[in-house]
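The following blocks contain the structures, represented as structure tokens.
You will see two complexes here that share chain A, one where it goes with chain B and one where it goes with chain C.
Presenting the complex of A and B:
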């Protein structure tokens, strides 16, 4: 199920995959800007699952100062993180 | 086993097989033994080669932990701490911090990881240890209890509160204000160096603190503890293997009522239960470690499930082994006596059985359709 991050990865496709994963695990839909942790639906243990999901699905390593809860707070913050970390990104 | 794992297992056997009983009775592993193993990378064998590590997979590192624990639960406990310290630094550390400290942890320096406090055991969110800025330095203040391997440690990886969230500080024990006080007479893993670590306004350079705005203390502890849970679960597999070997060996040779114990059906049932316990624990651990190596999101719950099942199995299995050995195993230092004491602690540390049950129940509620 791992797929290499590629130029075809867009914010839209990343967010779609994230929303699908979240829906399968929480049985509810999530707006890109909704705070996953604010309502207590998502636990800190689930946050770690999200970290691993993001890494394995988009082929990135989230380490060091990037491995911070705020980067996983919303679908949008996760897609921004992936766009920043993916291989080939000029800022990486 | 691949050759490198074989070699490491042989090294552990040569180091600990004959010495473990004495270490348990003395309540101490000679620190030079630990430094020697550390310098060969065995204590945190999953560290990547780019940082001086052996680069074992999670699965092989788990198998190594099981082997270590089949010889000595205290040694395995030290490995768990060293591995968890390295994993925490690898995951959360900056590149510079990783390069400096991972090379030390694979070069003979020893590390402990400090979560628990007097009023923060299962509820780590209640911890009060504070990491705060003071001019150009960071200050660490708090008292950590039951810190495995701290009696041997050169570095303590301390989890604490920081600006409304969480932070991790890498604290050298030589820093002014650090006091390490060994727990007198621990019930199990007696030579694992369990200690209270007092941090009295300890000043550390800011680069030693992994502090990012918006970091969650529970995310920090969850990620660090997942390594620890896998390592403890594998350790329990080792307990079960040692118990099975001791019980089977005894039941084969010891005769009562004119027949070997193994031919007495009630004894045979103990052997069956031990065998089943070992097989089940092994397969749970293999499954979780494969999820870890394959970076599957399921690894978080798989690790908790493996730890829960393996610790319960080890506690029951060790009790069965003592029952089969009876007077032959009923003295301190004997492999089954050590297993019995150590296994009970495995139901307590790295998430007690009850905390695992609550977490797994929540998970079941979330995923069961």
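Presenting the complex of A and C:
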């Protein structure tokens, strides 16, 4: 039996994918706890790209109260959001 | 053209079947100048043709070149004639002209039905018409008639139409530098010396404001179209603010790139419309605007409520609002606004904000009527 892709997601694999994306997009490396928004105002385009990347890569949909800056502030907060929202999560 | 034909053409333009031309692509030999450059180093342009070029430029119609010649040779002649500056994205070489016209349209992000092509050779016009049936083709004899044709005659020449070509040229230089830049985007933005000016709209800017409410689908929060007359009526009230946002940097002006309509109640400011041009979205304009508005409201001691109507294209705007802290929470201030069906009302209790590090912001003090623009600074 094959598991659905989301079942293989671990915090480590999620964070690795996020870090790769961020590095390609910002041309710098990001620690899991580094604040992406600390340096200044992030463009709406970048914010949108981040949201779309998280949704399309991990098969989740982020809206309403989940669509807040704090959930996207660090690689770690994004992986926590994905773990919480991923399909089949018993806590969802 | 007979009078009837002329009326029909005008009607076609008016109904949008024949949209206005946004870019005219010129052939050079025996079209723009008399004779062939390969045979005569000193080909000349008549005064009448020069006036056509200058006037089309003033009307905000871009002009480009597709010519079978050696690029450097032909461009040097255009420079010597004092005309090179009028042309963007010239395609001078030996390829197919339909490819040149298509490439120019793609680079400008214009539909081919807004492109025109003028060439003395029937074979070239036929080749372009065959591959790009939407492109309107003109003969060399028609050059002196172009200014009288409805498709080259915008109903209104907006404030920035005269500077459109300059803005595109600045845009190409900016884009080239950005592509070469090796570091993080934000550092690149800091090299641009960006200045964002938020100003109360003047009468002569209303046409452009209306245009912005129509054309900025990705970054338009409520998708409402505000006709000029409605906008004009808002200019004279105490309570309404019609704000126009423009941006410049060391490459030149971007022109008006955003609009915000706000109705000010005692305890809450109601943002009825926020729209910014897609061209500048990567500069963080929307986020900076929201941050400035948040700071202004905090200083005025009022809450903010923003209208949002989801379309299939404006999710970026919702992300911008929610990342700026706007949300669905309840607040007593909501009752100050008249009810509206189908509109999401995003609420924010504002706190003071730092100005951005990527640009200087010039803006009036919103709580003070008639206040002049000043640099937004922490104080």
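The rule is short, and it goes like this: the second predicted complex is superposed on the first by the 84 of 92 C-alpha atoms of A that agree within 3 Å, B and C clash if a C-alpha of one lies under 4 Å from a C-alpha of the other, contacts with A are read in each partner's own complex, and residues count from 1 in each chain.
What we mean here is this: contacts are C-beta pairs under 8 Å (C-beta built on N, C-alpha and C of every residue); 3 or more make two chains touch, one makes a residue touch a chain.
Keep in mind that what you see is a predicted model, and the values were worked out from it rather than measured.
Partners chain B and chain C, brought together by superposition on chain A, clash.
In the superposition on chain A, A:55 contacts chain B only, with no contact to chain C. Partner contacting the larger number of chain A residues, of chain B and chain C: B. Contacts of A:65 after superposition on the shared chain: both chain B and chain C are touched. Of the two partner chains, both chain B and chain C are touched by A:45. Touch criterion met: A:28 reaches chain C, while chain B stays clear of it. When both structures are laid over each other on chain A, chain B collides with chain C only at 9-17; the other stretches in 9-17, 45-53, 81-89 or 369-377 stay clear. Common to the chain B and chain C contact sets on chain A are residues 26-27, 43-48, 51, 64-65, 67-69.
Interface residues of chain A facing chain B in the complex, by the touch rule stated above, are 2, 21, 25-27, 37, 43-53, 55-56, 63-65, 67-70. Those residues of chain C that touch chain A in the complex are listed here as 182-186, 219, 281-288, 291, 315-320, 322-325, 327-328, 356-358. Residues of chain B that touch chain A in their complex: 90-95, 98, 165, 212-216, 218-219, 222-223, 226, 294-301, 304, 359, 362, 366-367. Residues 26-28, 39-48, 51, 64-65, 67-69, 72 of chain A are the ones that touch chain C when the two sit in their complex.
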